[in-house]
Every structure is written in structure tokens, then in C-alpha cells.
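Sharing a structure here in C-alpha cells format.
Going in written order, the chains are labelled A, B, C, D and E, and every chain counts its residues from 1.
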Amino acid sequence: MTQIAYLIPLFPLVGFLILGLLNKRLSKSVAGIIGCGALLASFCIALGIFMNMNGQPVEIMVAPWISAGSFSANFAFLLDPLSSIFLLIITGVGFLIHVYSVGYMHDDENHNIYFSYLNLFVFFMLMLVMGSSYILMFVGWEGVGLCSYLLIGFWFKNKAYNDAAKKAFIMNRIGDLGFLIGMILIFKTFGTTDYLKVFAGVNGFDSTSGVLTAITLLLFVGAMGKSAQIPLYTWLPDAMAGPTPVSALIHAATMVTAGIYMVARSGVLYALSPVSMTVVAITGLITALFAATIALTQNDIKKVLAYSTVSQLGYMFLGLGVGAFSASVFHVMTHAFFKALLFLAAGSVIHGLSGEQDIRKMGGLKKSMPVTYMTFLLATLAIAGVPPFSGFFSKDEILGAAYSASPVYWVIGVVTAMMTAFYMFRLLFLVFFGEFRGDHSIHAHESPKVMTIPLMILAVLSTIGGFIGIPKSLGGGNAIEKFLEPVFKNAESQPSLAGGSEAPEIVLMVITVALAAVSIWYAYKKYIQNKEVPAAEGTKLPALQNTLYHKYYVDEIYSAIITKPLDKISGFLESIVESKFIDNIVNKIGALVEWIGGWLRQLQTGNVDFYLFAMVVGIVLMLFFKMM
Amino acid sequence: MSEVVRGIPLNWFIILSSILFSIGVMGVLFRRNAIIIFMSVELMLNAVNLLLVAFAAKWGDASGQVFVFFTMAVAAAEVAVGLAILVVMYRNSKSTDIDVLNKLKG
Amino acid sequence: MITLIILSALGILTLFAQVLRFRRGLFPVILVGLAAAFFFTSANYNTNPQVWFSSMLHFDNFAIAFSRSLIVIAFLWFMMARNYFLQETSATDHFALVLFSMVGAVSMVSYNNLTMLFLGIEILSISVYVLAASDKANAFSSEAGFKYFLMGSFATGFLLFGITLIYGVSGSFDLTVIHNSMGAHHEPVMALTGVLLLMVGLAFKASLAPFHFWAPDVYDGAPTPVTAYMATVVKTAAFAAFFRLFYICFPDMVAQWSGVLWWLVVLTLFISNITAVRQTSVKRMLAYSSIAHAGYLAMAIVSMNGDASARAILYYTLTYSVSTISAFTVLYIVSRSKGREDFGAFEGLGKTNPFLSFVLVVAMLSLAGIPPTAGFFGKYYVFFNALQTHNTGLVIIAVLAALIGVYYYFKVIIAVYFKPEQSHIPVTVGGLHQTVLFITTLLTLLLGIFPDVILQWI
Amino acid sequence: MTQDYLQRYLFLILGFFGVLSALMVVFTKNPIHSVLYLVLTFFSIAGEYILLNAQFIAIVNVIVYAGAIMVLFLFVIMLLNLNKETEPHKNPYLKFAAVVTGGLMLIVLVGSLKMADTTAIATPYQGQKGLISNLGFVLFHDFLLPFEISSILFLAAMVGAVMLGKKDIK
Amino acid sequence: MQTAVILLIPFISALAALFIPRKHGKKFAVATSLLALVAAVITFINFPVNNGDYQYVINEPWIQSLGINFHIGIDGISMLMVLLTTFLTPLIILSVVVSETRTPVFYALILFMEAALIGVFVSLDGFLFYIFWELALIPIYFICLLWGGEHRAKVTLKFFIYTLAGSLFMLVALVILYLHTPGSHTFDIQALYQAGRMLDPRLQGFLFLFFFLAFGIKMPVFPLHTWQPDTYTEAPTQGTMLLAGIMLKMGIYGVIRWMLPAVPQGIQQYGDLVLWLSIIGVVYASIIAITRSDIKRLIAYSSIAHVGLIAAGIFAYRSGSMNSQGIQGAIIQMLSHGVNVVGLFFVVDIIQRRTNTRKIGSLGGLRLKAPFFATAFLILTLGAVALPLTDGFVGEFLLINGIYIYKPALAVLGGLTIILGAVYMLRMYQRVALGETSRETENFLDLTPNEKAVLIPLLIMVILIGVCPNIFLKVSEPAVAKLLSGF
């Protein structure tokens, strides 16, 4: 099975090429079939590989790529439990979203291009997780960034969308620079970027030297960009400019979890650097809390989900940071299910309301869109951590690990979880309950089957997906942890991760669930019983709420301290340094020659008298100096 | 070499011809009339001739004196041509003042 | 020697032509005569140096090489100037003067006695004084002739004084004797004074600053073909004479005189190149350019490097002269058609007459020293010698000067190709001129690629 | 011994007159006077030639220079009607500069040459060096080529002068 | 033999082009330059991969008295440069639009330039190298002067003198090296290497600076770059392509071939200085590019930034460090920069011809009107921002890698190019191709077959170099190793 693993990325690539090159020459339905078919084929192979996975990493060499001096990189794939899980998520969720897109994008004039981009994205995403070396991961890493750029700005006539796309790309690039440098440092340290060789090299590596810390921190900068952590998170909410399935696929289920994948993949390195682990944990924690507070007040259905994504990603980093690698990967999986579902359901709502995204203009959609409602509800329960939905298990495992690292982590995590439950139910209540507050000329309608069936499948997965990770304390076998154990056993056995108090798991679980329930109850009281509706645009809000509503003014601050100064510096360099200084010196040399020329011309007076004088003075000087 | 000073010291001639030469140079610079300037040049040539003859005497060699003939020949030729040019110039500018010769400059 | 005889005979024959009403057929005879002179000169090549008349002349390879070079240049020059002089009433006189001056020039490149140097210089100068003033009705021409004569005879005074002092030190006019007595260090101060005064006289002929002031005015005022002659034959002869004297007589004193000459070179490069930048007349610009080239040539003397320097001067003067004749021919053609000599006269030439413009471009590239033209290799060889003798500073100065040079030479190219034609006066090129231009351009390109052809002459 | 001193006195007297008249050439206003003073200078130089036992040169100097060349000058002055004091005054500063420069020239020259051989010129009355036969031999033997070449010089000068002098028939 | 053939084809056809009737000029030039390409490709295919020596050497005496030989040959590095030149030239010629009046002289000049550039890349004699180096300058000057923009006279003259200034110093340096060759002097490259290495370090330092003037101006490296934006802007498109696509590679090639091996001590003394300058140039030019409104100028500055990184990658090489990635990166980046920049300038040309403007502000919406065009533009842009699997990435990665090994901080600073590059390139792409159409772009037509013929090979190369860089890297690898083993 593993011998044909190269087909997994090949199918989407071929799909992309066919769709991209033939473009309008294909009918929309054919294009849809090609697009989805490529994914389905990949999914089947991925499933096969998953089934056959025995825990041993398998490296598959496809072709050499770069070799220069002592550096060499190959197109080679690494199949192990970690990558096989990601393969499944990507191809599986990806396939569902492709199918959904057939309906969602049906009327778009650039339908075929859309599918080609999606296929290309999946290709790069697969490269990212299958690649056997950091450099190949980087290929996918940047490639998905490109596709994200293309898809956010898919409706390219709109300037704001284009700006959002550009912002996403550039912010990612900032992170990528960190990744790149980190990767080069890996190469410098280990002489290779192949995972297996690097990890083998770590054995016996002097962990007290700062090199590993440097490497891991640099890589984490990359992760911050790609997985939208503070301070590089602002692109993700803006990225909601793209078509909603794109948001689901790229900005919720797959691409943004690349950072998690990368840190998990490098777990051995991270585990050796306590400093990095702490940085990862704290960054994740702060991001989780921070994004959750913003999500409390947002009124755009997709924005709420976007901040929720940022927040959940923070959770995952928290998990990584406290050494719960498999828990984080587990959460990636469950998150992929329920967050994709949330987005797709939101897309269904938007689709049904002909593009409306403001939750203040929704309400009461329960009746007109029952399937959407039901699936959305299940997903909301999952994300809120209500047992036995999937989110409960994965989140709980992370919180448990956090507690053993430090109770403070746990407290903040729980607060975040409360907020999550609150804003998700706020969203649910405002959208599906109460009266319809929008434009009554719009008749909300349920989406076609091609869209709802993926919703249903995802809903099922969101509901039961957690069962593969039932912790021992609840009597489960925690299958996923076992499955991933070969990958993380080195990392999790590092001394830096040992110790910490053994958490009273059941107690913590109960507390968490109870607090979530309180939040849900509060949301219910506020939005169902009191029928509160968020204030309209322009209303004066209390200071705190205002700050939250404006996302702490981070965009404005970035603009003021980075974007605008950069433009200013650019103008200054061009108009002052370049033209007034450097180039001016060059030109002034020319002018100086001309000026001296004009002056010397005066010497040529035309007067023989003067000429003779000059001659004699010249002779006198010659003789004088020679005689001295 | 000699215990008794006989004849005229050589450097007297050197100094005399230097003086005459310098007067010639000064004349060239001093005057505006082209003819006088020519004459000053002739004076310079004569100063040189004097020195040549003195050196010829120093070396007891006739070639120095022969060279004087060539100098004279050249001087004569120069004067002939020079005066011809002067006349042509005079026809054009009605003057032998060298300070009016400044149409070509810059 | 035979060269001198042929040239003298040609000159005298030319004088007779006027009387014998032989004007039409004269021109081919001159060309044939020059060709014969070239042939006979070459016949002695690489034999033992021919010593003539009590060592007055030495026809060594140096002399032969430069004689050949002078004859080649003169040949091209005659073709260029034919039309101009045949329009004059006294065409034969002009030609005779030029041929006589050639006699002077050949003496200057082959002398082995200061007497011959002096006479050679004077024959050449006197003829050229007259030629410069030869456009009698033209006030500029006579002013040019007069200035040249006045300053020239003044400079002769210094030259003579120098010769005299050298005689005073060595007791002879013979170069070999002088060289030997210089080694003996009699009267070092007087010898050095003599050397410096000789340098003044020769620097004047070679138009090195600060003895260059005559050059722009005279070049500007003289009839264009005469200017071309001065810029080529006269300059070549002057430098050959300059070099020959310092190479044969004073190589042992190089440390003492090269410092002075160094300053002259720097001053020349600086003044001429920078002043040329501001010229509006192409002819005057070429005059300054000619001074600038004197500066580069004098570098070869400063960096006295034996035969290599001689080769440098030979190659440089020959190729420079070829390009200069090219440039002056074009200038002559254009100024005759348009009646002006400023840059404006050349505007639009690229469209109206591609051949002329191409020729002009090649000439300018060569003068500016851009490969693959001959001018480049000339400069290269000169710089090369200077570097070999550790005159790196001088080379750097010269490099900077050459860059300024590019600026003003390219002004011509820009005028030709960039500016539109204003006057719509057609520019026609006669057959003879076409031939000259063809030859000069071809030589400029070929000699640039195969410089060994010339370098092997010495 | 007295003869030696006599020579020296003669030298000094002739030199003094020579220099004085040379200065007068430069400073006198009338061109005709300048010519005459120059002739005087040439005569004193001819005298110095005799002191150097160069009698033939002395005679040639008088004949060629003082005679022929100066007459030519006079002729031109008359021809161009320049015998009045028509020369415009030069800027006094320039005049001063000219004197200073001339003086500097002198200082530099003398400075350069003063250390030159101070020995007296030997044997003023011995040998036949300055006599015509000896000179003739050298001229027509060693210096034959320059002699012949100078004919070209004269030819060129002649042709040139004639060419410039004659009126063009337009 | 192959060397001479590749060299002679464009040279002879340049002469022949002068006599071709006007209407056949372009066809002739395309055909002959393709012939040269075929010759180069055949040589490339047969090129011995595991051999760092010069192949197909011709060594004939030229100016014997000065030890100058007509000595040419191809090693791996030269091979790639020759390939780049012969690949780009036909496309550049093809990019001429028939409606533009271009006389045969124009094509002759381009072919002549091609010959000179190939000459630069295959010369193994210092003097010959210099001659070709200058020869390349003349045709481009005339191309710019005769067919350039409004201010061309002044700008191109500045360019000419500026670059000539540098090259004269290089000539001085070459001669000094030559004068230190043992025995009867020679300009042979190996002899010059040996002579240079024997010199005392101080002199090597001076020679290093002299060389750097020439190569630094040509590339151009900050702060010697100010001729470049003006010249690129004023030159006709083909001129700009030649300048940016091939000519600036001369400078880089010169550093690799003539500067580093000959004066190894120089880099010990001034290496840090030039490295800093290069890196400053990267950041400086990138920042300036951000707000340029003229697309051509923007690309010009981007070119300075890219070249700065290449220079830095080379100057980061130090003896003793075992990495040749920097040099290999520079070589591959030369190829990809050539491809990208030619493509981008052609894109600009298309825009300018159709809209009569190059102002970013007046454009927009081209993707609506011309999807093929926009796609090509996008791919070139991605190549320029060094996206993996495009050509730009391989080079930039290896370069940053090379710099990092020497000085990590500089690598980070230089690495800013991947951020800033994205900033300005995407800004340009967005303003030009995305958004709504403007008055100028309303009637924008998609690519003509001729334009496709130019762009498609370029796009193929963008991907090919990105995906299979080893095709090229393995050719230069042994040559680089051999070159570096010397010091």
C-alpha cells in the first residue's frame, strides 16, 4: 500500500492541472466530478495506508529535488501514524467540503478555477504532512499559503477581499521566514532536514546548548503565522473574505492546523527545550483567551467562527506546550470535524440568506433550515465541550495535561472554555432562535442535498469522533493515543515533561462541564429569555465591550506601527536617500566636472599674452621645484 | 685644473646669456606689439648662440659653432615666415597688437 | 634616408607642377610617391640600423616604424584633403609644404643628432605655421597661424637653450655621446636644466599643459584639413621625437625628469578633458581631445619602459591618427554642407546618412577608447606600461580622465542619433572621402582586434 | 696675465652694453628705436664671439642678423607704417608681472647654472677652431646632412612666405 | 569546437542581419538565435557532468607579444550562463511587436550583444574577458539610445560611463595580476589565479576593491545602483530585458569566476563590507519598491534586491567553510532571476503597449479582461517571491542557507526579502491584475499568439527550475567545487 502513497498528492495535482489548463473548456459538472473524484481517490488510498499502519515510519523516495554542496533534499514521503491521521483528515474533510462546494459555488462564473485552486490546496497540504523533511514541509507550508491567498481573494473584483488575501499571505510569510531560518539552523546543526535523521541526531545531543531552543522557537514563529497565534493572528478573521467552504477547509480544518502538525512532528526537539515548550504553551494560552474574548462581541457569523478557530488553535498549542502531543492531535481531528461543520453550516445559512452574514439580521432560521440547524447544534455542543460530543474528550485531555503542568494554565483554559460555550451558544441562539430580523424580501431556504449531506456526515463525525480518544479515567482505551504512541514516545518520555502533579481527572472534568453549562445557561437567559440583540453599528458601547468589539484595535496598531511607517520609510528612502543623496552624489560628480569645465574654459582667454605668461610661469615652476 | 686663472670664466658667459635670454623672455611678455615680440625672440636666440659658442670654446669643438649657423638659418627662415604671417594678419585685423588676437578662445 | 630623398623630391616636383601645368595629374603622383616611400622605408626593416652621414640619422626599427606610420597617415590625409586644396589657387604650394613638413617629420623620428632634431622640428613647424594661416582671407585662420608661430618660435628659444646646455655638459650633439656623458654625471644640475628645457620645447610641440594653450585656438582657427594634419602627423612626429630623445639620451635620469613630466601629464589630462566637456563646437572639442590624447601619450614617456613604451606610442599615435582623420573627414564633410561646426550640425545625421554616422561612431568610440576599436588597445597598452613601471596612481587618474572623455565623445553620438534633423540640408560624400572613411574605419576596427600587426613593427 | 684681465674687462664692457641695449629694445616705445637697439645688442654679442675666438661667427652674426634680418624687420615696420609710438599701453600690472616673471626666469636660470663649471675657457688664442677653414670642414663633413636639409627648410620658408604674400586671384 | 560554434553563430548572424531586408529582420534574428539555442542545448545535453574542468577548449595565440590568447572553454558554470543567454535571446527578439518599427540594425545589435555575452561567459583569458565585457556594453547602449524613452540620452550616457568606470578599474586589476604572473607574462586564467594568490594580502585587498567596483556596478550592488532604475525605465523593453535578464549576470559571473579565486585574501579583508552592502541593498531596494507607482521601476528595484541577495550569497563564502550552497544558489538564482525578470518586463511591455501607461494607479482588473495574461503574470510574480516549486525558491533558499552559515544575523536580514518581496510584488499584482477595470484597461486584450510564444517558455522554465533544479545544479556542481577547492 505504501508504495503507491505518492498517488495521494498526485491525484489532486493532476486534478489541478486538468482543471487549471482546460478551465472553461470543461463543463461545471465535469469539473466538479474531477475535483471531488481526485479527493475521493486520495482518501481511499489514505484510508488504506491508515489501515495498514503498524506504527513504523516508512520513507518513500520519489525523486531527487535539490542538491547543492552538502545540502540535498528529495521528494520523499514519510508515512507514520501522525501523518496518516492528518492524511485522513485532509482528504476526508477535504472531500466533504469539495462536495459541499459543488452546491455552494454552483452559480459562480469561475467555478472551475475554484476547484482547481481547491485541488492545488489539497496537494500542497498533503505535501506538508507527507513530506519526509522540513524542506518538503516548507514546500507545502508555502504552497497552502499561496492557495489561501488565491482563495481568500477569489472574488478578486473586491478590493477589501484582495487586501485580506494579501494580508494573509504576507503575515504567513513573516512566519515563514522564521520557519526558513529555523530549518536552515536545523540543517546547520544536523546536516540534513530529513525528520528521521534529525530525530536520530537528537539522541545524545547536548540539550543544554541553546541551539534546540533557537530551532524550536524559530519554527514556532512559522507556526504562529500559519496557525494564527498572537501576534500573527489578525489575518485569519480577515480571511473570511473567501468563499465559506474555503474558510471551512483552509481556515478551520486543515491549513491552520499545520502549525500544530509541525510542532507535533518536531515534538522530540521541543521536548528537549523547556523554554520553547513554555513559550508554546503560554502563547497558545494567551491566544486562546484573547481570541475568545473578541469572539464574545462579534456580529459577523464567520468572524465569530474565525475567532473561535484562533482560540481553539491556542488550545492545541497549549496542549503541545504541556507535552500532550497526542491530545493536541486528537483535538485537531475533532476540531476539523466540528469546525468544518460549523463553517459549512454557516455557509449554508449565508447561502440561504443570499449572502447575509450579520447575525443581527438573522434569527429564527430553525424552521426554514432544519438540517442546517441540527448540524450546527451538534457542532456547537461539540465545541462547547458538552459530553459526550467529540470536543469534550479532546479538550478535556488538553486541560488535564495543562493542569498537571500548572494549575494556572488550567484555570485560564477553563475560563476560555466557558467563553467558548457562551459565544457559540450566543451565535446559535441569535441565528436559529427567535424572530427573523433580516430583510423580509429574502426567503430563507434550506440548501440542496449536495450541501446538506456533507453537513450530516460531519455532524455524525463531530458527535462520535471523540470516542476514539476516551481517556482511561473514563474507562476508555484512548485508541488515538496508542496509535500515535510510536511517534511521540521519544518526546513524551523526556525528563522535562515528567513530573507535575497527577491530576484528579474526574474532578476536573466535572468542574469544566459544569462551568460550560453555566455559560450556556447564561447565554440562553440573555438571548432567548431576554431576547437581547447586539447593538447596531455605531451605538456607543461600554469601554470594555467596545474594545472587544474592535478586537483590541490590533489591526489599527499594526497599521500605525508597521504598515504606515514602512510606506513612509519607503518614500523617504526613495525621495531623500536615493535621489537626494546617493544618486545625487553621482550626478553631482558630473555637474562638478561641467562646472570645472566652465571655469577652465575661462583660462583659454584667447589672449596670447596670457598663454605666454602661463608657459613661462610653468617653466619657472618646473625649474624651481627641480632645483630646490 | 689650472693653477693660474686664464681667460674668462665660463660661468660669466653662462650668466650673461642667461641675462640676455631672460630679457628676451621679459620682452615677449612685456610688449603688445608683435614685431617687438619677434625681436625679443631673436634676442633669446642670440643669447643661446652666445652660450653655444662659449661651450664650443670650452670643449674646443667646432660643432657648437656650426650649430650656430643652423640657428641663424632657422632664425632667418622663421623671421621670413613670421613676418609674412604678420602681414597677412595685419591685412585682416589692421593691427599688430597681439591683444586684439582673441577671436579664438574658450 | 631614401624616405627623405623621395619626400623631398616629391615636394620639389610638386613645386614644379605649378609651372608645368601638371596640377591634375599631381595628386596620383603624390600618392604613388608616398606608396613608394613606404615601400622603400620598409625595405630596410630589421636590417642593421642604417647609419647616415656621421650618425646624423639612425634608421633603426623605431625610425622605420614611425616613418611608415607617418606615411600611412599622410597618405590618408592627402586623400581627405585633396578636394580642399585643389580648390585653392595655390594648391601646389600647399602640397609642397605638406611634403616638406613630412621631411621634417621623418627627420624627427630618425635623428641621432640634436641638430637633426632641431632642423626637423623647424621644418615641420614652419610649414605648418604657414598652412595654419593659409586661408588668408579668414581672420581666424591668420590669427591661428600667428598665434602658433609666435608661441612656437618662443618655445624654440627654450628648446635651443636646452640643447645648448646639454651640449655644454656633453660636448656633443650626438645622442649616443650625450647618453654616455649623462651616465658620467658631469654637471648634474646643468644637465637636468637642459633636460627640462628640452622637455619644455618638446612638450610645447606635443601640446602638454601648461604649454598647450596654443592648441585649441590654432586647431580651431586653422582650415579643417590642416587641423587634421596637425592633430595627426605633427603630433605623431612630436611624440616620436620626444620619446626618442628621452629614451636614447636620458633613460638613466628618469627618476629626475619623470616627476616633472608626471605633473605635466596630470595637468594635461585634467585640463583638456574637463574643458572639452563644455565645448559647443565639435572642431574645438576635437582640439581639446587631441590635447587629452597627448596626455595619454606622454604617460608612455613618464613610464619609460624601453621598447614597450616605443610600441605604445607607435600604436597609439597611428590608431589615434587614423580615427582622428576619420572624425575630421566627417566634420569637414558636414561643416561644408551645413556651414557650421557645432554639435547641432550633426543632429539627425543618423537618419540622413547612416554611413557617415557609423563612421563617426566608430571614430568616437576609438577616441574614447572603447573596445573593440583600436583606440582601446592604444590606451590599454599605455596604461599597461604605466602599471608595469608602478605608476598606478597615474593610471587611476588617467582612467578617470578617460571617463570624462567618454562623456564628450558620446555627446557627438547622441547628437547624431538622438536629436532630430533640423535644417534638411543634404550631406553628400564624395567618392574619395568614402574611400578614406572606409579605410580608416576598417583600420580602426581591424587594428583594434589585431594590434600585433603594428606592435611587431618595433 | 694682463691680457687675461683685458679680456675680462672687454667681456664686462661688451656685456654691459649688450644688456643695456637689450633692455632698451624692450623698454623703448618706438619700434624703430627697438630695432636699432637690437642691432647694437647684436654688435656687442659679436664682440663677445671674438673674445671666444669665433671670428667667423662674429662676422656672420653682424651680416646676417644685424644686417639682413634687422633690415627685414625695419622693412616690415615701414611697410605696415608702425614707426610711430602707436602701441597701446599694456595694463601696468601686466607689465609689472612681465618684469617679475622675467626676473624669476633669470633667477631660476642662474640658480640652476651658477654651480656650473667656473674654470676659465682655455687657450683663447690657440687652435684654429673658430677659423673658417676648420668650420668649413666640420660643416661639410660631419654636418653635411643638416646642411642639405636646411635647404628644405629654406625652400619651405620661401614657398610659405610667397604663398602668404601673394594676392589670391579669386 | 562547440564553444566557438555557440559564439560564432550570433556573431555572424549579427553581421548578416545588417543585410537582411527590413521585413524579414525579425524572422531572421529569431531563427538564428534559435540556432544558437539549439547549439547550446546540444552542448548542454552532452556536457560531462562529473567533471569540473573546462570543456571544448580553444586556445589560440592572439596578441603574442603580450601573452594574450584567444582562450575559450566551457565549464559547468559557463554552460549554465551560456544556456541562459541563448535561451533568453530568442524570446527577447520574439517579444518585438511587428507594428513597432525596428530596423535590422536593432536585431543586429541584439545578436551582437548575445555574442558578446556568450564571450564573457566562455573567456578563459583575462584580456579576452575584458574585451567581451566591454563589447557587451556597446550594443546595449545603442539599443537604449536609439529606441529608448524620452530621457534616454542622459540616462544611458550615465549608465555607460558609470559601468565603464567600474570596468576600467577591473582592467587595471587584471593588468596588475598579469604583471605578477611568473615568467613571460600571460593572461591565462589559471596563471592569474596563481599570481593573485601569491600577492601580499594588502595588494589583494586593493585588487578586490577594484574588481568589486566593476562587478558591483554591473550587478548593481548598493550603493552603486543608482544608474539602474533610470536605465531600466528609459530603455526599450528588449533593452531592459537584456540588461536585467542577462547583462547583470555578467557581474555575478565575474565575481565567481574572476574575483574570488584570484584574490582570496581580498575577501578576508573586505568580504564583510561587501556582504553588508549587499544585504543593506536587499532591504533598501525592497523597501523602496513597496511604494513605487511605475511598474517598470518597481521591478527594477526588485531586481536590485534579488541581486543583492545573490551577491551576499557569494560574498558569504569563506575559505575553510565547507559550504558551496551560496555559490550554487547564486548560480541557480541567476538563471531564475533571468527568467523571471525577463517575463516581468515583458508583462510590463504588454501593459504599456495596450494602455499607454505604467502607473499602478491607472491599472486594474486585467484578470477580468485577460485571464491568460493574468495567470502568466501571477506565475512570474510567484517566481519572483520565491514560492517553493517555482524557480525563485531554490536559489533564495540556498543563498540564505549559504549566508546563514557565515553570519546568521545577516541571513535573517537578507531573508526579509521573502517578506518584503511578497509585499511589493503582491501589491503590484493586486493593483494591476485584480480589482475592477479602469478607463485604461477597459479594452485590454488577452495575449496574442506571439506573446504567448514568448511567455510560455518562460513559464515552463519557472516551474522546471523550481521542480527539477538538479538538472542545472548538477552541471555546475563539479565546476564550483573545483573553483572553490583553490582557496
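One rule holds for everything that comes next: a residue touches a chain if its C-beta (ideal position, glycine included) is under 8 Å from a C-beta of that chain, and two chains touch if they have at least 3 such contacts.
Bear in mind the structure is a predicted one, so any value in this text is a computation, not a measurement.
Among the remaining chains, those touching chain C and also chain E are A. Looking at B-C and A-C, the interface holding more C-beta pairs in contact is that of B-C. With centres defined by CA atoms alone, the chain at the far end from chain E is D.
Chain geometry summary: the mean Cα position of chain A and that of chain B are 97 Å apart. In this assembly, the C-alpha centroid of chain D lies 71 Å from the C-alpha centroid of chain E. Chain centres here are Cα means. That of chain A falls 37 Å from that of chain E. Computed from the mean C-alpha positions, the centre of chain C lies at a distance of 32 Å from the centre of chain D. Among all residues of chain C, those that touch two or more other chains are 115, 119, 122, 126, 129-130, 133, 136-137, 147, 150, 154, 165, 168, 189, 192-193, 216-217, 407. Residue numbers of chain A whose C-beta contacts span two or more other chains: 590, 601, 604, 606, 608-609, 612-613, 616-617, 619, 623, 627. Annotation for chain B: residues touching 2 or more other chains are 14, 21, 24-25, 28-29, 32, 38, 54, 58, 61, 63, 70, 74, 77-78, 81, 84-86, 88, 98-99, 101, 103-106. Contact between chains, as defined at the top, is found for A-B, A-C, A-D, A-E, B-C, B-D, C-D, C-E. Those residues of chain B whose C-beta lies close enough to touch chain C in the complex are 14, 21, 24-25, 28, 34, 37-38, 41, 44-45, 47-48, 51-52, 54-55, 58-59, 61, 63-64, 67, 70-71, 74, 77-78, 81-82, 84-86, 88-89, 91-93, 98, 101, 103-106. By the touch criterion stated above, chain A contacts chain B in their complex at residues 601, 604-609, 612-613, 616. By the touch rule above, chain E contacts chain A in their complex via residues 158, 162, 223, 226-227, 284, 287-292, 322-325, 327-329, 332, 365, 367-368, 371, 382, 387-389, 393-394, 397-398, 400-401, 404-405, 408, 411-412, 415-416, 418-419, 422-423, 426-427, 430, 433-436, 467-470, 473-474, 477, 480.
Chain C contributes residues 311, 350, 365, 370-372, 376, 380, 383-384, 387-388, 392, 395-396, 399-400, 402-403, 406-407, 410, 413-414, 417-418, 450-452, 455-456 to its touches with chain E in the complex.
On chain A, the positions that touch chain D within their shared complex are 609, 613, 616-617, 619-620, 623-624, 627.
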